[in-house]
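Per-chain residue numbering starts at 1, and chain names A, B, C and D are given in the order in which the chains are listed.
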Amino acid sequence: MDEKKSVVLQEEFDFQVPFYDLDGIQMVWHGNYVKYMEDAREKFGKKYGFEYLFIFNSGYLAPVADMHIKYRNSARISDVLTMKITYIPTRSAKMVFEYLLTRKSDNAIIIEAQTTQLFVSRSGEFEVSNPDFYADWKKRWNLI
Amino acid sequence: MDEKKSVVLQEEFDFQVPFYDLDGIQMVWHGNYVKYMEDAREKFGKKYGFEYLFIFNSGYLAPVADMHIKYRNSARISDVLTMKITYIPTRSAKMVFEYLLTRKSDNAIIIEAQTTQLFVSRSGEFEVSNPDFYADWKKRWNLI
Amino acid sequence: MDEKKSVVLQEEFDFQVPFYDLDGIQMVWHGNYVKYMEDAREKFGKKYGFEYLFIFNSGYLAPVADMHIKYRNSARISDVLTMKITYIPTRSAKMVFEYLLTRKSDNAIIIEAQTTQLFVSRSGEFEVSNPDFYADWKKRWNLI
Amino acid sequence: MDEKKSVVLQEEFDFQVPFYDLDGIQMVWHGNYVKYMEDAREKFGKKYGFEYLFIFNSGYLAPVADMHIKYRNSARISDVLTMKITYIPTRSAKMVFEYLLTRKSDNAIIIEAQTTQLFVSRSGEFEVSNPDFYADWKKRWNLI
């Protein structure tokens, strides 16, 4: 019997909030978390062989089609934050990620978020079925 | 019988995408729409007497607690965009806005979005019931 | 005798500082003025027929090669600012602009700045002599 | 004879350009280098005990008063860049830094830059003579 076990693909990293990301009330401006989430996708991509350039060189773009962020607490300048990004397996031609950003000192949740990306060919057509490079990548990691 | 009619509070404006908001594939980087949404809230605030500084001077901050953006089409450099922001009435101590961003030339939807803001006193406490200045403002516009 | 008088090409506009451009000490973060300067070049371009897309469609890019900013006073959230951009005529194949940003309420100087842009063909070559479209544009405005 | 040798205070680090810092022509937007320079000052501060929060907690701010950037080559998405920041000793009450940003693969210079920061007390007064905490810091590192 060939029983492959699906793994949870996850990446985690710490970073410190830069001064220029603060807003006028000394908290991280809420729009800047979108950058940290993109940083997370790129670090995830490096770990699992799915960087922006890999997608691009496969002939595709993976634009964000849906983004939902719940802001729980505010990050401030002295804060070291821990970002955890988790790939949510799906059969369809999209990439879904969940994000959990916490403050290292007290584990307070800063944001919880989710993004969905679709695949667009370079000529601008949305892909309804899994592009080959994505199907191959899923297989490589024993994903559904 | 005293029947007051609730109005729909709405603001609309056009703007052109600045070059520095484009990303490496010549489309507006998805995180930059968060700025346009904040611009929209500020223009709404100007029209209806609810600017950032009015809230601040009333002793409160109104941090975004929830943000959901659906990306429908990509805006490019030559595009003139139309932002429509609508206040969604609510009895609770929060502000809910809906956003519709369209391309002027062909009415294509660029994003649909929603934000929820809560009120926090300057000492950092969340307000569970409507702060006076907000209750007054609602009354002024015949909102529930 | 044909004596053409060179005009001073200049554009001026007011704007209000958005909240997301403030830093943690409630002043405009110093890097954000670079955006206002690019806004100024684009408004100048609109007035005098020299927008980004005109340059691009002529086959060129005009990257900033040198930028010098002197910060005199800090802009804050309530401030309405006046940007004045002036084209500095030059015989060479470059565009030089001077910027003066003042606070409307008291005329305090916020920044004084200068940028120099060179022309690069789309294949990436720097132009040492004036590209035709630029020479034509100079003639149109009686510039040296 | 008391001969103290002044050291060169310098910090160097590598980083990769994030996608959201690219502009519409797939190069780093020229305004984004200002962020990398601030990152460099903060890393320098960490190495030599002069972080933003140290200055702030000493009762001062150190706003940038002058910034000059020479753009030599364009950084692109695949580029790993090396930032070298050097403290330029001065007797006066200011901090001067030089920046050299190069591409790791071919040592091409991306930018050369310089910033000057002054000290402002939290009540907003510029300091003409060296604040004690700065004089002490200079002594600690045998600087003039």
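Everything below uses one rule, namely that a residue touches a chain if its C-beta (ideal position, glycine included) is under 8 Å from a C-beta of that chain, and two chains touch if they have at least 3 such contacts.
These numbers were taken from a predicted model, which means no experiment stands behind them.
Interface comparison, C-D against A-C: more C-beta pairs in contact at C-D.
Seen from the C-alpha centroid of subunit C, the farthest chain centroid is that of A.
Between the CA-based centres of subunit A and subunit D the separation comes to 31 Å, rounded to the whole angstrom. One inter-chain figure worth recording: subunit C and subunit D are separated by 26 Å, centre to centre, where each centre is the mean of the chain's CA atoms.
Subunit A and subunit C have CA centres that are 37 Å apart.
In subunit A, 19-20, 25, 31, 35, 38, 77 are the positions where the chain touches two or more neighbouring chains simultaneously. On the side of subunit B, the complex with subunit D involves touching residues 19-20, 22-26, 29, 31, 77. Across the complex, subunit C is touched by residues 25, 27, 30-31, 34-35, 38, 61, 63-71, 74 of subunit D.
Contact residues of subunit B toward subunit C in the complex are 18-20, 35, 38-39, 42, 52-53, 77-78.
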